Amino acid sequence: MNTFGQTLTLTTFGESHGPAIGGIIDGLPAGIAVDRQLVAVFMARRRPGASALVSGRAETDRVEILSGISDDGRSLGTPIGFIIPNTDSRPRDYDNLKDVFRPNHADFTYQMKYGLRDHRGGGRASARETAVRVAAAAIVYPLLLKEGITVGARLETVGGRPASEAEEVIKAAREAGDSVGGTVSCTITGLPPGIGEPIFDKLQARLAYAMLGIPAVKGFEYGDGFAASAMHGSEHADIFTREDGRTVTRTNHSGGIQGGISNGMPVTMRVAFKPTPSIARPLETVDKEGNHTTVMTEGRHDPCVALRGVPVVQAMAILTVADLLLQQRKQ
Amino acid sequence: MNTFGQTLTLTTFGESHGPAIGGIIDGLPAGIAVDRQLVAVFMARRRPGASALVSGRAETDRVEILSGISDDGRSLGTPIGFIIPNTDSRPRDYDNLKDVFRPNHADFTYQMKYGLRDHRGGGRASARETAVRVAAAAIVYPLLLKEGITVGARLETVGGRPASEAEEVIKAAREAGDSVGGTVSCTITGLPPGIGEPIFDKLQARLAYAMLGIPAVKGFEYGDGFAASAMHGSEHADIFTREDGRTVTRTNHSGGIQGGISNGMPVTMRVAFKPTPSIARPLETVDKEGNHTTVMTEGRHDPCVALRGVPVVQAMAILTVADLLLQQRKQ
Amino acid sequence: MNTFGQTLTLTTFGESHGPAIGGIIDGLPAGIAVDRQLVAVFMARRRPGASALVSGRAETDRVEILSGISDDGRSLGTPIGFIIPNTDSRPRDYDNLKDVFRPNHADFTYQMKYGLRDHRGGGRASARETAVRVAAAAIVYPLLLKEGITVGARLETVGGRPASEAEEVIKAAREAGDSVGGTVSCTITGLPPGIGEPIFDKLQARLAYAMLGIPAVKGFEYGDGFAASAMHGSEHADIFTREDGRTVTRTNHSGGIQGGISNGMPVTMRVAFKPTPSIARPLETVDKEGNHTTVMTEGRHDPCVALRGVPVVQAMAILTVADLLLQQRKQ
Amino acid sequence: MNTFGQTLTLTTFGESHGPAIGGIIDGLPAGIAVDRQLVAVFMARRRPGASALVSGRAETDRVEILSGISDDGRSLGTPIGFIIPNTDSRPRDYDNLKDVFRPNHADFTYQMKYGLRDHRGGGRASARETAVRVAAAAIVYPLLLKEGITVGARLETVGGRPASEAEEVIKAAREAGDSVGGTVSCTITGLPPGIGEPIFDKLQARLAYAMLGIPAVKGFEYGDGFAASAMHGSEHADIFTREDGRTVTRTNHSGGIQGGISNGMPVTMRVAFKPTPSIARPLETVDKEGNHTTVMTEGRHDPCVALRGVPVVQAMAILTVADLLLQQRKQ
């Protein structure tokens, strides 16, 4: 199903090559000042065509809000419906892919799941669907800002090298008709203690669910993450102390979460993106009838999806935290 | 809330120091042969007190099924209620912890979330709650086995060293009054193509949610995971080919999942466990009033929770896959 | 929250005086032939301004489908987003109502619930919101028709008199500046046995929930309904017999439902609508400050909401049955 | 599925002839003083065998609470698991019914839905399942009482005659080997304005869903109900006035609900029960093979299920209102 969240929900629709994509945000309390400027900034960061490093698709990504906002820009508490018109779809780019399975793409699995592929696949599987998530997060973000909560994401590594070398690494990959993976780190500051639920809906479980729901994400860790598996308890301990009248920890191996619940320290996490499987090289594969053949992806694609993944990671963290914050309010 | 799953749900209850813990499984189709022997085996693997390497708490962990199973052991399609009596609870072990916050435990966060701690914390936060998950998974597992699906988990590393050295590493940690982390790998075989949903409920998103909901888990990755972030697309490609009349991939960088949906190859994942924060050394901390003090955990604890985490990882994978399998059937 | 259904869901948005209302249908299987002609017919039946008997608001109620339908009009299995532009909103009609509570309206309760009223009330509480439900039902209906299931609704009584006298009764009420109530009956034919769930989600429970969620509905009954409360078991018994190789009942006191599950006979129900509280007479009331005053509703209103309630009753029955039909498929 | 509610949920399990029935209450806030005496009183009112007017089955209906309650009887905020042992099951009473369909029972529909009947039907369809609902409502009720909210239900009519004649009417029916229907009225007092949601989850929609989910219920109305359908708007108007500094209505045609939300007046509703189909007379029917035969129900049954329906109506109203009250708190 196409709904994310429990107390604050986002339901999305839209194929990448139809007239519009969009969504409905339900559960945002009344009185939040929606910031159209912020929405534009968020969309610009995710938009394709913005630089030589990303896909050449030229969407303007204008978000039209149809309900739920008063004339003076405040949320009414009612559902916020919005659409993003598709302005630069070129379905013919994909005609040569109709009957073959691109390696590591959703082509084969959609074919097996739905018995048909082009529409359900080329449509909803497209990274374009993430534009709706970013728009929704931008609309919701002032709820968090008002509480002093910020959510930031940044590119950490590209192809195993520090983000400072991103341009060089990505250009080299593009020139080689190849692509590279990367990692994105995300930090939530100002989150009060007490957010998250103790059993299944631990804060980290909800964040992991959100992040692994982003196309191309292969892994999630928070705090010391996988590195903690090689540590001793005595090294990993976050000693409590007092600071400015608050109980804090001296270190933050826990990544701001203990027992599934925020402890007031920054929540830190890392997300791994795979190299996009759309590369400008012929790859062996099979077609629908099971014949061996080769395929080359000729559409407009990103040589490093982690780059445009940064605002999507931020968006999913915003939606997750806002949902859990509102859940906590009822307790 | 205390319910896991959507089409096949598990709702759990129980404090570690009350008369019993238990749960209700809802949505298991009629006609599944529940295997009480298998339930006993699963419980034995998770049970404390089984060896010198794990906690000394001596629970028999007998699962009493109260409904939903016919006299000849088949599921009726109705909810399966079951309880696991608590037989060796020693609440007094924890008396010294009433007013201090153990580093990296849920003590502080529960206090902040609920305003009270002992019951909600010492109770539900206990790893004992995972016994209900393991029992439920053992009851449900024949549904998967019948379809030729197996779910296996094994300890992969302990304190950064291969599992073959586990005994040595864990004993050393215990003797030093310390603990160690570890990783658990899990593989699902026989899963047909088509399981998982394309947008938010990707197979990997649901698995990540399930795994990060296990106490002490710090990270999740599937297929090449974090390593993929350092790779090129040309390296990461899983070339399709034909084998025994089926379309398969030559390699399995994807970990059996493409576009959020299983592709018929083994689903592979890894889970990182932190070193347990309960160690036999005095640690600095603060108490409820904000005074600096020290705390030492004297209860019966595991020096390496990853060890007993193995059957819990397996259990959560079983529950997740069974849920998604039943979801797919309606499409 | 603004989502209806479980397996087939409708999420709605839109204020009566914003740019558009709309919704997202999620869970409709692929391959259903959406009938735009049928959508237009359904909308025309619900539309205001169609005759002298209903509200003069002149909406064209054109439904724009934005996703989820292929070029040849078949559902793709992906979410169907649609909008209905608002073309004849006149918010100023309501200016005189800003500070007073109209008797039997939602004015007072919205004020108490949300602390603000105009937007949330004049907006979402408007009967205009039901246009989205009718549009969604029209889109979904071919799923039922394909299975041989039809859903019909008709006006049964108006102001306590048979529907054949409706025109006369309603005109008399309008001339007297008054309004009248009415009842609508609804019959589902062709529903196979086995639809509905045995405990909480009985077919009649889901239908009752759907019907009482329609503005102005005061009661629901199925089969013999309230009359059954005055009967003996021997009178109420639906004797089973055989007809054309099928097991059927000679009578249908049960209204096609036994034990919460359809038995293959027509499902029959009745719904009571109150007289609309918007009448052209001054009524005593109080204002926000608690002062006694009078209020008269001058907007464009229906003298008998049961009339335009007919397609809404049909719509809610369609959505409910389609949802339960899809739920049954997975068992 | 076997879960009722959204913010406060009850999940139930248990066949009438297994070792126990029971449930899990999730979402009850911490600190509610659970009253075991009240639980006993509620159970006694629903219990069979209490008088000559009801079924002779002699269950003691002792409720064993296994978790979620502190030693001093207060809710912990964690899930409350409870069981009710079955002590007087006599499955053999039903042996003669194995292959025939009792008129108006769930026999035929369960057979059609599940392909099997005895367990799923004779088990979960039993009115015994409602004992779990009554127990849960008794545990939850102090949450409402604490807020000054009371929920009362009483028998209103039996076989079409006033409840004062119930004994006479029921005895006559029993002696004639027959059964009678009845109506139960329910009133909620002290409910603050603002409870209920404006679109699908109207207070009356949730109450209707709850009531039609009770076995043998055929209809639901609130306020003036079906009678309102024969009224004019001018008659039905509830004029607002001031009383003790509060805005109230002079009359209560609305039954305490306007626009789906409570207005602070008593919430009034009526529920219709059919005459039980289990009567001591041979009835014509068909068997599984489609042969005509006769059937007579010889188990222990109630001649008027409305009688024991009274505490069940009260229970469902309590669970519904508690759920919506907690939902409102988060807004």
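By written order: A, B, C and D. Residues from 1 in each chain.
In this text, a residue touches a chain if its C-beta (ideal position, glycine included) is under 8 Å from a C-beta of that chain, and two chains touch if they have at least 3 such contacts.
Remember, predicted model here, so these are calculated numbers, not experimental data.
Contact with both subunit A and subunit B is made by C, D. To overlay subunit B on subunit C by their CA atoms, one rotates by 180 degrees, a value rounded to a multiple of 5. With each centre defined as the average position of its C-alpha atoms, the distance from subunit A to subunit D rounds to 45 Å. Centre-to-centre, using mean CA coordinates, subunit B is 38 Å away from subunit D. Touching of two or more other chains is recorded for residues 1-3, 12, 77, 114, 120, 124, 331 of subunit D. For subunit B in complex with subunit A, the residues that touch the partner chain are 1-4, 12, 101, 103-110, 112-114, 120-121, 124-125, 129, 157, 159-160, 173, 176, 178-183, 192-194, 196-202, 204-213, 215, 217-226, 228-242, 245, 247, 249, 253-255, 257-264, 272-279, 281, 283-286, 290, 292, 306, 328, 331.
Chain contact summary for the complex, subunit D toward subunit A: residues 7, 29, 77, 326-327, 329-331. Considering their complex, residues 1-3, 9, 11-15, 18-24, 26-27, 30, 66-68, 70, 76-81, 83, 114, 116, 119-120, 123-124 of subunit A touch subunit C.
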